[in-house]
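Sharing a structure below in structure tokens format, with a few things to ask.
Letters A, B, C, D and E mark the chains in the order given here, with residues in each chain numbered from 1 onward.
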Amino acid sequence: MDQILINLLNGLSSGLLLFMLSSGLTLIFSMMGVLNFAHASFYMLGAYIAFMISGAVGFWPALVLAPLAVGGLGALFERGVLRRVHHHGHVPELLITFGLSYVILELVQLVWGRSSVPFAPPQQLQGPAFTLVQSSRDGLSLVWGAAPEAMCRAAEGVQVACSRFPLTRAFMMAVALLMLVALWLLLTRTRIGLVIQAALTHPEMAEALGHDVPRVFMLVFGSGCALAGLAGVIGGITFVTEPSMAAVVGSIIFVVVVVGGIGSLAGAFAGSILVGLLQTLPLTIDASLATLLNRLLGAGIGPDSPGWPLLRITLAQAAPILPYLLLVLMLILRPRGLLGTRES
Amino acid sequence: MLEIDNLHAYYGKSHVLHGVTMRIAPGEIVALLGRNGSGRSTTVKAVMGLVEGSGSVRWGGRELLGLKAHQIAHHGLGYVPESRDIFPRLTVHQNLLLGQKKAGGTPGVRWQLDDMYAMFPRLKERQHTEAGVLSGGEQQMLTLCRTLMGDPDLIMIDEPTEGLAPKIVELVADYLRELQRRGVAVLLVEQKLTIALEVSQRCLLMGHGCIVFEGTPAELRANAGVRREWLEV
Amino acid sequence: MAVVSLPRTRSSDRPARPSASPSRPPRSFRFRPWNLGRWLTWGGFALVLLLAPLLWRSSFALTMLSQMGIAIIVCLSYNLLLGQGGMLSFGHAVYSGLGAYAAIHTLNQVGAGTLALPVSLVPLVGGLGGLACAALFGLASTRKSGTTFAMITLGLGELVWSMSLMLPEFFGGEGGISSNRVVGAPVLGITFGPQIQLYYLIALYCFVCTALMFAFTRTPLGRMLNAVRDNAERVEFVGYSARHIRWLAFMVAGFFAGVGGGLGALNFEIVTAEVVSAHRSGAYLLFVFLGGATFFFGPILGAVLMVIALVLLSEWTRAWLLYLGLVFMFMVTSAPGGLASLIMMNLRVAAFGRLRPLRAAWIGLAGTALAALAGLAGLAAMIEMLYHRQLDAAMGSELRFLGLTLDSASPDAWTGAVLVLLTGAGLFELARRQFRRQWDETQEAIEKDIRRRETAT
Amino acid sequence: QQGETVKIAWIDPLSGLMAPVGQNQVNSFRFFAEKFSGAGNPAGVKFEVVPFDNKLSPAESLTQLKAAIDQGIRYVTQGNGSGAAAALIDAINKHNERNPGKEVVYLNHSAVDPDLTNGKCSYWHFRMDADTSMKMEALTSFMKDQKDIQKVFLLNQNYAHGHQVAKYAKEILGRKRPDVQFVGEDLHPLAQVRDFAPYVAKIKASGADTVITGNWGSDLSLLLKAANEAGLTAKFYTYYTGVTGTPTALGGQGDGRVFQVSYNHYHLPGQMMKWRDEFQKKFNADFYTGSVIHIYTLLGEAMAKAKSTDPVKVAAALEGLKTKSFNGEVEMRRTDHQLQQTLFVTRWQKADAKFPYSPENTGYTLAPVATYEAYVASTPTSCQMKRPG
Amino acid sequence: MSDTSDTPRHAPATGFALEIEDLRKSFGRTEIIRGARLQVRPGERVAIIGPNGAGKSTLFNLISGRLAPSAGQIRLFGERIDGRAPHEINRRGLARSFQVSNLFPKLSVFENLRCAMLWSEGHRYAFWKFLADLGGTNARAEALLARLGLERRRDVLAMNLTYAEQRALEIGLTIAGGARVILLDEPTAGMSRSETARFIGLIREVTEGRTLLTVEHDMGVVFGLADRIAVLVYGEVIAFDTPERVRADPRVQEAYLGSVLAQGH
């Protein structure tokens, strides 16, 4: 019972981290149409810059300043480089961001070294948010913070399991939800969303109607990067802050955006949660096709039966490919994604 | 008051306008006529800052050349492109909203949404469909209305009647007059001589990127020579 | 406008005119080698392939050349999709890679004696492997175009990649599948043991495949592929099924990619999962574009660069990834058409016999290009010193760079580098301005010429 | 051969995932090249290390091998990734067979896949590390006396090394402690997992009190981090706790609950202490690749014995070579070229007066808790060595 | 290639070239085509007029396969084509032009025309023969080029043509395949009077002996070109008759024409 709960929470929280990342990408990739392969790099940058700042002025200021800094860099990049190739189409943009991701990675390693840096969560965020106490006597109970030792000690005849849910993750979830709301307001309460879409197909006309298109693009790209930066700060303290942290999330966030549906914030949210769960829940299932078949129709499948290498693979081991499977199927069966409005 | 002096314009390297000079007084309708490729659209685009131009374009005494399109728009110029350039992914309604200079619009402007829908009921019917799927004519109506939403003092309309049913063409003619009545100056680029001559006070004839004739509709009607040389086959 | 650009969804209004992009590259010029020229070009290509190993003799150079030959095939095949068909694929390594696996398994069969096949034909098996996979995956991906297509290929790529770690039986885990290419009876003394023999096999394949792919671009299917790239919808209304065309092209590309992979298998005698990795796919995309997807021969340059960058550069410097990134950003911003387009522009100038007026400028530019190089050297020196400080500082503060010893600890070295950089950059910028002006004038004149020719007669 | 220069091509990752480790090791090689050159070795040769970046890729390793050979280098060392190691063995076998007189010797410093000295064993390959099975022997010898071990969970990276660890854990521990039950086994993708919470949940669910893992780098540090956050109190028996990055990530957590098996530790007596501190000062990093010292020691001895630096002679001399190294008497076993040596089990705990050295200045250390003589850890081999000539 | 379904080059002499029966199309809730019916004889020229948004282009989209009808039948020379893919319909001998010029922007004018011919010339997906060797096809492409008056622009990329030229090429692409039924959607829209005059001539000439349906708002063109005029209002054909009668029809005047002002130039 408690394990199921914990697993769900884990799935949700990693889904929400994905959302933090993909929300920025939704702005940049699906609204501006820029295949920004450096997005994850900005995520990493966020973590490192926050690490540096928090060294000087503490974590909480860093939580605000680092994303701003990253956003600024992003805007600068858009203005200085990306803009020059925008009218050449998606591929040059893509290549530039590709190059940028290399540069950022190398610079980060130059400044902060090639191995992980000790970026620990602040006191307020250390320790568990709550503890699930599963006792064979008096069932499941939830204790805020850490459960007292006594509670978790198994008395004779009863075994007790205490599972903690770390504060950092709870914090992560909270921030992600805030992000969702903020973005939603930005896109619905202002015309920015409209202007971007308009400018994508007819920049000149949008200008002729009195909209400062370049500025809007710069802002949007900047905020996209800032969001990535924020995600980076959270991700940095929740997991490790190291040069490979960008590569790990690299392509999965594209999956999220596309599965969720190009140009749809709600889609990105749904997609994130879905992928998050898809990445975590299957890990808990050790059944493989073989076991399934053997269970159901007693097919005596063993190491020497044909196709064993495939049948043998447990769902847990197959977990890494599920998101991409989802991506491909989605694009074939429902190209506009879960909540998307249009095909890309 | 729009004053264009010796305007030259280029597409990349190719030189298209060779010293265009013209004036448009407030609340005046001026028709700009000519063959395909004579440079009328380019003139309009240059004024709007959409193609690089040299020379001088003054509006209320302020120089416009070198300004960005969106700045020019905020100075009160409106532009209706011949290639309708509606925003295909947005709904009719959203297209109109983007016409407004400020979100939510400003009080005391000449035109409100309802005026537009009153003008072309067809648009009201389709207001929630993606503009991309509108019929040619509907798009034409939309693009006109969208620019009007910005409440310009001078509106430059490039071939507004193209693809419109004859009946609607008349309607448009009426509305041009209505614009004038509300003190909006109009630069009308048009193929259909009949309505151009009908609604305008002055006609300008373009050929090879220069103004080759200027006069009242009556004068143009009278002057068969010019017509033959610059309009007919 | 770059020839390749995902269709930003076509708006339904009428494209009255070429979108007035102020700096349109000279589209109206097409490179039509008059027949003698064609002979020269191909003869030259063959000659280069023949003589290269005589110029660079070391066995390392030989492996590099072999890898280049292979890369050329794969990059060209990739450009059938990107340049010819406007299909942005993020998973091309899948086809070269699975081709490689098909080949290595075959080779092992041959080695085990369960299969009789001359080693020189093994790459074809790779080709068939690539073809088969392309046919299968193509069914899924080529239903769509543009970004959807790109994303499907991305997904399929990642799928195969993760599978490769799950199926060690076929992919050999992270150790890969190794083999021995010296099997069967030597045909007229050729065992393919010595690298040189293999190189010439590769060179042969490289030449033939290049020729075949060039021919392909001149066939009805090849041309319709261009049409699909430009406007898939209209293709449907002249009797063709755009999807069918994309699929066929995808298979052709898959085949040649597979041949490349097969050669790779022979060359390394080992195939590891990395051959299907997203990195590989990315590299193909990047370098094809760097070489120039607009022109047929662009990818050849790209391929050569790729091998140099990925194999040699990492030898020379620890900062190679940084350089790589910077070069990409610089190239794409300054020459979106890739190297090929730069070359073609000059060729065109030559073709219009306008090189003379430019010559002065060229000399000027060349002169300061040296300065620029110096400037770059300055920059590089600083980067190198940075890396040195960061990584090998403990081994003493000195490092060798371009034959001279820099002391990354002493301020002089830094100030020196900065000065060199600034002067170099400054000089270059001046010259560049000057050159740019003349260049533009020439281009304008040429545009005029062209327009005159069009309107004349 | 006095004063001759012996170049050693170091073919390992300097970019990508394993770069930090590679960097540390290339530093180690250079550092000790100085120490062991000239008077430092009986042959009086000068050692020089030439790094080549193989980006952790087998194929790339072969290209770099060619480059090295072109530069006339006859000694190759590599260690990160048994995949690359296997590829190198294969290529070197071919090379030596196709180019007599240009033979190359491969000194393996860290690739621990037992296969390399069993099925794939080669005359030209010498392993200075202890392979997975030997380490498991030592580790389990320690574990069998830990009565609190009842339920064991095997969590490993889904590639050869991980598979091996799991395999030998079941085999050997099962033999020594029939009473312990293996409550779960899992393989996760290599260096791709960001969030180990699900795995930790699984371990908790299984009720395991002990985890055996061969994970390294972030795969280990993230695992331990997640375990602590979830309040998992199980013990961890690892191979690579000391490797760059992990101590930092581990920090204060896991005090007394994380064990490592290795052929060296920070508190070896005498010379080693000085070197350790000197290294630490010079590179601000920890020296953990002790096999570097083995390599120089054995090379020196062998060259002296062979009175030559010619790889063929040196290889012959290396076979069965017995000598004294930092962890006592070592022997390069003739049958499979696997170095037989003493192994240690260490525990992660607060640094104190007795065990002061603290990796990555974490304030914690790996304190030795058990030592196993070579014969204890030694495992049989199935190698049929093919010797030239 | 899996394309056994080639054009039946000769059709039943009797019967209609194109038959539309009770055709319906709705997008979401709004029904755009409401049971339109039309019967066109082989070789006749029909103009379709109607208010904006009446459904003329939609009708063309349905006939040419760009859209699938919600209900009803479309027959081409007696063979049902409704719901088929555009390329299949095209192979059966029906071609259309677009209200929005729809060319191959980065191919030269000549290549554009040749691409439009390849299928009907039977070259299909061939990758074993060179374009350069397709003598007949190339010659025919050149001829069409001349006919369109574009020979001077032969090697210009389509996207660099002036608007008028693009319209001309648009028609070229439509007729290149030698289709027997041709649909033109506002072929002269945006043309100056002189250009228009030239164009009517061109269209007459190139559609000689073929069945032509054209949508136009320019009455000059309509009456200059059509044997019969169909009036489409709100997705229904309210009149289908000779120009004179249609012009006289009060319903048509009311729904569409209005006063004479906008009709001529």
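Keep in mind that, in the parts below, contacts are C-beta pairs under 8 Å (C-beta built on N, C-alpha and C of every residue); 3 or more make two chains touch, one makes a residue touch a chain.
Predicted model only: the values in this text are computed from it and were never measured.
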*Any chance you could name the chains that touch subunit B and subunit C both?*
A, E
*From subunit A, what is the lowest number of touch steps before subunit B is reached?*
1
*Return the chains common to the contact lists of subunit A and subunit D.*
C
*Taking CA centroids for every chain, report which one is farthest away from subunit C.*
B
*Looking only at C-beta pairs in contact, point me to the busier pair out of C-D and A-C.*
A-C
*Which chain's mean C-alpha position is nearest the mean C-alpha position of the whole protein set?*
C
*Any idea how many Å lie between the Cα centroids of subunit B and subunit E?*
30
*Report, in whole Å, the distance between the mean C-alpha point of subunit D and the mean C-alpha point of subunit E.*
76
*Would you mind pulling out the distance in Å between where the CA atoms of subunit C average out and where those of subunit E do?*
43
_Contacts with 2+ other chains: residues of subunit E_ = 99, 162-163, 190
*asked:* Multi-chain contacts only, two chains or more: what residues does subunit C have there?
replied: 9, 11-18, 21, 162, 166, 321
_Of all residues in subunit D, the ones touching two or more other chains_ = 23, 158, 189
_Pairs of chains in contact (touch as defined earlier), listed by label_ = A-B, A-C, A-D, B-C, B-E, C-D, C-E
_For a test of understanding, state which residues of subunit D touch subunit A in their complex under the given definition._
17, 19-20, 23, 158, 186-189, 191-192, 194-195, 197-199, 201-202, 204-205, 207, 218, 221-222, 225, 229-231, 244-245, 248-249, 251
*Residues of subunit B defined as touching subunit C within the complex*: 11-14, 41, 45, 50-52, 81-89, 132-134, 139
*asked:* Which stretch or stretches of subunit A touch subunit D in the complex?
replied: 3, 6-7, 10-11, 13-14, 109, 113-118, 120, 128, 131, 146, 161-166, 168-169, 235, 239-240, 242-245, 248-249, 279-281, 283-284, 286, 316-317, 320
_Residue ranges of subunit B in contact with subunit E within the complex_ = 34-37, 82, 122, 126, 129, 133-138, 140-141, 159, 161-170, 173, 191-195, 198, 231-233
*What residues on subunit C touch subunit E, complex-wise?*
3, 12-18, 27-28, 30, 215-216, 218-224, 226-227, 229-231, 233-241, 244-245, 248, 252, 454-457
